[in-house]
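The next block holds one structure in the form of structure tokens; read it before the comments.
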Amino acid sequence: MRKLSAIALVAAFVVAACGGGGTGGGAAGSGAPTSNAAANIPDTLKIGAVLPLSGADAKTGQYINDAYVLYTKQVNDKGGLTIAGKKVKLDLRIEDNKDDGATSSQLYEKLITQDNVDFLLGGYNTALVTPEIKVANRYKIPYVNGGGASVASYADNTWAFGTLANIQALSHTQLDFLATQQDAGKLPKPLKMAIVYENSSHGKEFSDGLKDGDASRFQIVMNEPFDLNGKDFTSLLNKVKDAKADAFMADAHLPDYITMQKQYGQLGLHHLYVTYGARGPDQSAKDQLGAATDYITSAVWFDQQQPGDLVKQWVDMWKANTKDAPEWYAASGWEAARILYAAIEKTGSVDKDKVRQTLASTTWDNSLFPGGSIKFDKTGQATNSYVMTQNLPGGKTILIWPKDQATGTAVVPIPTK
Amino acid sequence: MSDEIILSGAGVSKRFGGLVAVNSVDFDIRRGEIFGLIGPNGAGKTTLFRLLSGVYRPTAGLIRLHGREVGGLPAHKMNALGVATTHQIVRPFADMTVRKNVLVGVEYGRSGLRGAAARAETDRVLELMQLEPHAETLGRSLTLARRKRLEVARAMATRPDVLLLDEVAAGLNPTEGARMIELIRKVRDSGVTIVMVEHVMKAIMSLSDRIMVMDLGRRIALGPPAQIADDPIVIKAYLGERAVAS
Amino acid sequence: MSARLAQLARSSWIHLAAVVIIGLVVAAVPIIDARSFNLQRVAFFVLWYAILAGAWNIIGGYAGQISFGHSAFLGMGAYTTGILWYTFHFDPLLTLPVAALIAALYSILVGAPTLRLRGPYFAIATIGVGEATRLIAVNVDDILGIKLTHGVTGLPLPSYDAETVYFATVVVFVIAMAVTIWIRAGRFGLGLFAINMDRDAAETAGVPTARLQVIALAVSAFLCGAAGSLYAARQQYLDPSTMFSFNISIAIVLMPVVGGIGTIWGPVFGAILYSAVQDQITSLVRNPFVPTLIYGVLLVVIVMFEPLGIGGLLSRLGVVGRKLVMPRGGDADV
Amino acid sequence: MRLIEALVSALLVAGLYASSSYGLALIYGVMKIINLANAGTMMLGAFMTWVLWQWIGIDPVISVILVAPTCFVLGALIEILLVRRVSGQAPIVSLLLLFGVWLVMESAAYLIFGGETRGVVPAYSQATLDVGGVIVPVTRLVVFLASIVILVGLELFLRRSFLGRAIRALAQDREACALAGIDTRRVGTLAFGLGTALAGTAGALLTLVFSFDPDFGRVLQLKSFTIIVLGGLESIPGVAFASFLLALAENLTVTLSKPALENLVSFVVLVVVLVVMPGGLAALLRRRRLA
């Protein structure tokens, strides 16, 4: 009897393994570039994406998800993409990686091998984007994301493209702004900075960027990493208080920004200048923190107050179609989808390598981002400049940099309560 | 019973913080004898027992096995040197069959047997202990008497020179008690020295060649059963003041 | 020599044969259809989880010491291969034995003191070890001031042929299962089960409990280290929060306990269930409550009613022979 | 950093740690099981407070009046339906069982509340007090005072009331209690219920300081393990004292070396304490009593 059950087990094992195979099997075209792409353009094009739709970054993931879904819907409403004269519908599939790096790369692999997606839209959060880019390169599929800004993610990468400029540029933008405030006598020279950054490549690059400031203008009195998704920053903030700095330069994701700024206020800290890198004007932070977000400045890849009709039309359209505020991650998700689909149309084929070359070589105009266009450098990362915003009391946010696009004068230094 | 001393203790004591459980006890046990250990509850019998089996490390004094100092060695080392023990509260391997319980003793004891030879030896021990009909039952489903026999079997499987029996007759009905006494005599006749802690007077008196009496951690008497039975100090320790006077 | 005992010896060969058959079947997949990428992906992760669950079973299932920190050994193996590959350009699969060895040595370093602890205390201590190892991996570069694990930025690794890793995984799976079968049938396994049943009684029966537990943990860590090395070769990117994550440690406990703790095929059942849930079911519902609910409910049901896990449940339904999933404490035959 | 400020902030953090560890210590003391579902209960307590605050506008501290009894009933049910059934088996079995209960709690929270991080922002959430030159956040002060109240209340309950003494007796020696006629099952249920209520209360209070999601309480619970092992498995003041020691150790690590190593200290302390005191304090005491 036992021999029978042993064999039964073997069969069960194999079936379970194949069961997972689903439609997989040897479907053509998956995972390797097909040869004569021009001829066989499919009726529908499968686009895959994996986002943090639950867990710490669920809020941000939802924005990017809505951007992908809305833009794809608008394309399909117009009959789909026109590739070499043929109308092709888009079939968008988005999975939830629950804010876990291993799950994210496994789900991208599943989309490629099981769902046979043709192109990929990217995820969010550097810790997840870096392994995702590895998968895209392994399976040689173009991957365009609006949520990964750290240089480390794009190391030896050819198939992935990111609409977000790197973090060093973010820090340099802030240093340039601070220099103008010093020259206007609003901030001391040298400015004593306390840098606190999330322990990730994103945070490290933020801190490295600030180190590039020239010594006569900027003096770093504290430079410490902290664990991501921390729940208690009391000891860290007490160390910041002890550093007696003029400026509090932090880099954090949304959940840590909310927790830290809440405790910053509770511990009665005060600085002449406070930034959380790219986080600041986020609506959910204002909801949870209220007045605690006043006077916080941030350098972002996009802000709804940027001049130009394109931005205005997009903001109105976005507010009309979604219940989300027009934050920068909505815009960068939108740009990622727009550029990927435009590249496929411009290439006039579904050949992955050709689409990749188009993405790498083209300057993508009428973009929402500052400067109106996006160009990917040889590592695949965009090189746009940043804009800076400042939260004002009463929940308003104004554009303060570049000077010619400012919608108000920055309140520097921050008045003591 | 030769007069060669196989196991002895000089000034052996064990303290737990302030509590002195065993207070500098001297004793000597001869090869092949049945050495009884009696005394009222809390006299330190079980603690001394656990010092001999290696469960506890002595706070002071020397324990010698075959003349070699062994105080403080862990239980499995004591077993390797030939000292096997059963437990006051019976501890079979509950989810293992009787056969496997004994196999552990055979394979980890001093027999050095492996594979088929070890399995053969297991059968032999099961037959010696009249347990072979229950070889396939799990330890947890044995009656108390059979569990006690299983413990002895497992201890015997390690081929000890000295077997420590901790109240092995306790809780048995008369027939089971008699059968256990018969078993112990058979084990002793096979050349194993036995040290017994027991409250069942009938068993200890009929079996022991010599008996040591302990009270409040001290040795108060040592000698053949007859001499112990009417030793006033022993009676006082057991039955209290007036008993001695009457 | 009674027939019962002869059958005992023969029966472990059947399980070994079953393992080899599974290995051959799974290894045939890429040969039959080189482009069956999805099947290869699913098969890789089922085998990979089975290696981890089987390895954990040696110390958790056989000896009864439940460890919640096994990702420490997985991560040790992965990073050893990663560093040797990235810095010294060794072929990752050649470094696999070294990676497994270092994981085993690390397990002795942390295991020797903690294995003296009992039940819940050992479990908590392993949680501490797992989390401490993760934080060391994150901060070691800053502490030592050298470029070792690259900390949180993660260790980017060159590309490597997926099929070679696939076949290597099949081989390691067969070896891991063979080791667990061999241990369980032999004297070593008997000693571990005795420890599992009653450590003090085992000690007095001559079982060197401390030494056996350390060896069992070392073997378990060796296999986990090998799995880590395979992961590095396949995913070509390591970061401490994934490789040393508490979630993986939990999964490594869940699979054997839910599959059937202490049995040979329990960890395999658990691995199949876990990868099926993680891979297929979570994407059906966009809320993590589904996988967490499944694991939670299964764990409660198994612990309360069927300690033999799914294997036990299946045998009650007659799908799998009861003999195949014998009780925790070892059995008359394997 | 001035010493006083370091001490004050360590005290405040100790208040957080202590309140989240009382439940764990009581349940371990009495039932000799590690309640892994403690984190789950804290999370549920936090969400209950969030619901009460969001829809009825009840302040977190006041919400404890509703949260604590609900969690007591929840704890009693868990004990009667689940824990009691495995009480005979090895303690590791109940640990795995309660681990499953924690996962079920987490999945329930994901189902009902989804995955986002939530927070409670009472009016005084930003307020601070100047206590002798040291700026103290009101929210942390409230939690600190609450943990003192719990400490005193629990001690009085255990010392003075009949049930309290029964619980302490059960902690000392379960068999002796049974022989002395104490209904050990009922007292066990009440103790487990009380422990769960304490965890729920801690969850409610912690909403003042932390934002939370269904995964809330995981790292905090690991620190509670360190505290109950370090501080004393049956003595509630021991828990408070150990919480302060751990908070101080973490504080010094951040101040003297790198903030990223803060958690590393608590995990290393956990392993060292367990290994140096094998089987924890209780086993040490029990071994001495056995002779």
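All chains are identified by letter, namely A, B, C and D, in their written order; residue positions are counted from 1 within each chain.
Keep this in mind: a residue touches a chain if its C-beta (ideal position, glycine included) is under 8 Å from a C-beta of that chain, and two chains touch if they have at least 3 such contacts.
This one's a predicted model, so the numbers in the text were calculated from it and none came from an experiment.
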| item | value |
| --- | --- |
| Distance-maximising chain from subunit D - centres being C-alpha averages | B |
| Higher-contact pair (C-beta pairs counted), C-D versus B-C | C-D |
| Euclidean distance of C-alpha centroids - subunit C vs subunit D, Å | 32 |
| Centroid distance [mean C-alpha coordinates] between subunit B and subunit A, Å | 73 |
| Cα-centroid distance, subunit B relative to subunit C, in whole angstrom | 42 |
| Separation of mean Cα positions, subunit D and subunit B [Å, integer] | 46 |
| Subunit A: positions in contact with at least two other chains | 53-55, 98, 199, 227 |
| Overlap residues in subunit C, where contacts from two or more other chains coincide | 135, 138, 287-288 |
| For the subunit C and subunit B complex, residues of the former touching the latter | 1-2, 4-5, 187, 190-191, 193-194, 197-198, 200-210, 327-332 |
| Complex interface listing, subunit C residues touching subunit D | 64, 66, 110, 113-114, 116-121, 123-125, 127-129, 131-132, 135-136, 138-139, 142, 246, 253, 257, 287-290, 292-293, 295-300, 303-304 |
| Subunit B to subunit C touching residues, read off their complex | 53-55, 74-76, 79-80, 84-85, 87, 91-97, 99-100, 103-105, 107-110, 114, 116, 118-120, 123, 136, 138-139, 154-155, 157-158 |
| For the subunit D and subunit A complex, residues of the former touching the latter | 1, 5-6, 9, 12-13, 16, 110, 114-117, 119, 121, 125-126, 128, 135, 137-140, 209-211, 213, 215-216, 219-220, 250-251, 253-255, 258-260, 262-263 |
| Subunit A residues within the subunit D interface of the complex | 53-56, 58-59, 98, 199, 224-227, 231-232, 234-236, 238-239, 241-242, 255, 258-259, 262-263, 265-268, 288-292 |
